[in-house]
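Chain lettering (A, B and C) follows the sequence in which the chains are written, and residue indices restart at 1 in each chain.
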Amino acid sequence: MQKITREQLIDKAVSLLENGTVEAVLGWGKGEFDYDVTPAVFKTADELKAGFVWNDFCGANFSKYLVAKTGKIEGKILVFLKPCDTYSFNQLLTEHRFDREKVYAVGIPCEGMADIAKVKAVCGEGISAINCDGEKIAVTTLYDDEPVMVDAKDVLAERCVNCKSKKHVAYDELLGEEGEVVDSARFDEVAKIEAMTPDERFAFWQNELSRCIRCNACRDACPACTCEKCVFDNPNSGVENKAPANSFEEKMFHIIRAFHVAGRCTDCGECSRVCPQNIPLHLLNRKFIKDINEFYGEYQAGAEVGSRAPLVDYTTGDIEPGEVFDRRDKNA
Amino acid sequence: MRKCSLDSMNSVFAEIAKAATLYIPADRTDGAAVYTKWEEGVVWSNALNTVRSPKDFFFPQMENLMEFKTQGKNIEIIDTRSETEDFVVFGVRACDVKSFEILDRVFLSEPVDSYYAARRAHGVIISLACTRPSETCFCGTFGINPAEPAGDISVWKTETEVFFRSNTEKGAALMQKLEALTEECTEEAVDAQKEKISAVMKKLPLADLTTEGFGGGKTKELFDNPAWDELSQTCLGCGTCTFVCPTCQCYDIKDFNTGKGVIRYRCWDSCMYSEFTRMAHGNNRNSQKERFRQRFMHKLVYYPENNDGLFSCVGCGRCLAKCPISMNIVKVMKKIGGNNK
Amino acid sequence: MQVKEYKPLIVAFCCNWCSYAGADLAGNNRLAYPADVKIIRVPCSCRVNPMFVLRAFQRGADGVIICGCHPGDCHYTSGNYYTRRRMAALFSMLDYLGIEKERTRVEWVSAAEGAKFAATMNDFAEKVAALGENKRLEDLRCKK
């Protein structure tokens, strides 16, 4: 259950629309079912009342949409940002990807989002209704007479299980209470893979990455991937490919994707959320974050505007690439 | 019609696998079901359907068409075809079986795509009636009956038994091999099962969805519909919908320079990509709205216009489940279709 | 039939100002290093995009080494400092994916260090040879 209600958000949006502060609202739009939420732009109070949704399935991070949407309007656009979204928001500002003056950001608290795949793993297919308003999530299916009660904790999306912060690092206005940066266990899984033998690691990633269908959803949903033309789409780059031709291409794509956002990735988890093949892509990004923290000091991308990303920075006493492994072996 | 007990399916799979490579839906390490080559130990999944569609078997995501090697002033052309082995795909749902008809009309009309044709000739499809459709299913909209799947052999599964009915010569030949493992039964044996499915179909949330307002001849009416702006406004432009779709059939042909020669291959392409159908003059569709519109106009208007009214969607629901922003053909049909509310 | 001795293919990206001159010096002094080391001259070690490293492996390299000016001596003041961070991150990632860490290396070689260049290449080639052919980052299409 979310602490803030849909009605509170609609009231806020309507009042900002009516007093002329904003001319459009970027929010979550109602779907066919109770869980298939589509990001949408709302222009009037009626549209909001009819189609705006806020529930446990509003995972989509809106920050990236600001790049395209702020270019299209004269006035301001209202955007609702969950704590993790605010990090992406700051990171995009650091990179001058949208005009801050055109955005009115409202921070909203988040109790963690549910993963519909995990819900279906419990309740099966054929969900006719989901109610997230109570302590537990009530799932009605076509095949059961009574709703199945699911503990929200048990169906949390991976990124929310390892939530890194309930604190908003950017907003014009905050609804509800401010949270704190959370001491998460998000690097545990990376450490687990690091502890494997090279053969095990190779087998693990070979299995995961072999599922890639190169739909580019991870890249296209990523708030850090905002190149106008991706190197993998550019026929002149020499690496353009529309299919995961073999295991080399799979690795190349995913290494380069993760590398290009290394030091800029805020660990919002969109890549893993959108992957249709359930590849744990966040484990690649988190590896870079963990390494950067260990080699160059703690750094959280997007924690503040204007900070210098670690891979475009240096000190004269940095660790040598060859020493990386010695240090790891020593720690092990 | 013939039947066997559910417990003896493993021997049925073993028997089929003796004659040809057999693929069945099995659960992957991440929990999703995929067609997996059967060998001892591979367990038939209970999932409703596979994440990837069975079109992969006939129209793989990537295939080498030919190779070139230069020797002095000569260019040697090497035929790299390998699609000459018989195979059997088991557990194809009614919607996916229908998708082959849609693909056939593209690849088997003149000029015939010999790569696809060869795979079709070598493949046997064993379909499977649905027992527990998902809320995302809407095959009924396109006149598909999940209780009566087509294919070379149709299969129905109950709690304890599995029923087989061969529909084609290919199917009958395969059924003959299973004679020792199955016993004769009447067609009525699956009637109760069929009725159960029909009852569920009526309860599905998308049961009322119709194709009204779409079809050949609707281009002018729908092309400039202002709703396309709204529908496509948050589309990410990824290719998920097209790659999980059983009927999307667009591809690109490219050359890969190996350093020692050239491999000419084709791979799936997506109308959602900015590089799709790029020509010397540039791109036909420069905005995501145009690309988005292309996908749905193709499925709901252009394709039926050229194919006697047959829509190129089968209502399998994969795009509903997989789209990162949950925008899909159902939302499009409800927004701009006739009286879908 | 005589079995051909396995010799690894090494791609060495050398910066124009230090390491490439170092390689020249090694040649002038007749210091031997394996002929299978293919040198690619780059304006600065930081010109080496991570993709270059991966593509070298794709095209058949068994090991990739990047050589630049010593930290502090970069012709462009700070290029090699960036190289150092980038490659530390990249190599660590390759290792995370289970690719042998001995296949990649960064070494600082100045224009005066012909002997170091030859010694580095000999040592690197030996380490890569011990691993055998690159199987984990290979593209079979390029091996036919």
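In this section, a contact is a pair of C-beta atoms (placed from the backbone, for glycine too) under 8 Å apart; a residue touches a chain by one contact, two chains touch by 3 or more.
Bear in mind that the values here come from a model prediction, so they are computed numbers and not experimental data.
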Just grab the chain with the largest centre-to-centre distance to chain B, centres being mean Cα coordinates. C
Pair joined by more contacting C-beta pairs (B-C or A-B): A-B
Averaged over CA atoms, how far is the centre of chain A from the centre of chain C? Could you give it in whole Å? 37
How many angstrom lie between the centres of chain B and chain C, each centre taken as the mean Cα position? 47
Averaging C-alpha coordinates per chain, one finds the centres of chain A and chain B separated by a number of Å equal to 30
Give me the residue numbers in chain C that touch at least two other chains, ranges are fine. 141
Within chain A, the set of residues that touch 2 or more other chains is 245
Per-residue multi-chain contacts in chain B, two or more chains: 256
Taking the complex as given, what residues does chain C use to touch chain B? 59-60, 141-142, 144
For the complex, give me every residue of chain B touching chain A. 28-32, 48, 51-52, 61-62, 132-136, 200, 203-206, 230, 233-234, 236-240, 242-244, 252, 254, 256, 265, 267-270, 273-275, 278, 320, 322, 324-328, 330-331, 334
What residues on chain C touch chain A, complex-wise? 50-51, 54-55, 57-58, 71-72, 78, 81-82, 84-101, 104-106, 136-141
Partner chain C, residues of chain A touching it in the complex: 190, 193-194, 198-206, 231, 238-239, 245-246, 248-249, 251-252, 255-256, 258-259, 262, 284, 287-288, 291-292, 295-296, 310-316, 318-322, 324-325, 328
Interface with chain C, chain B side, in the complex: residues 256, 258-261, 263
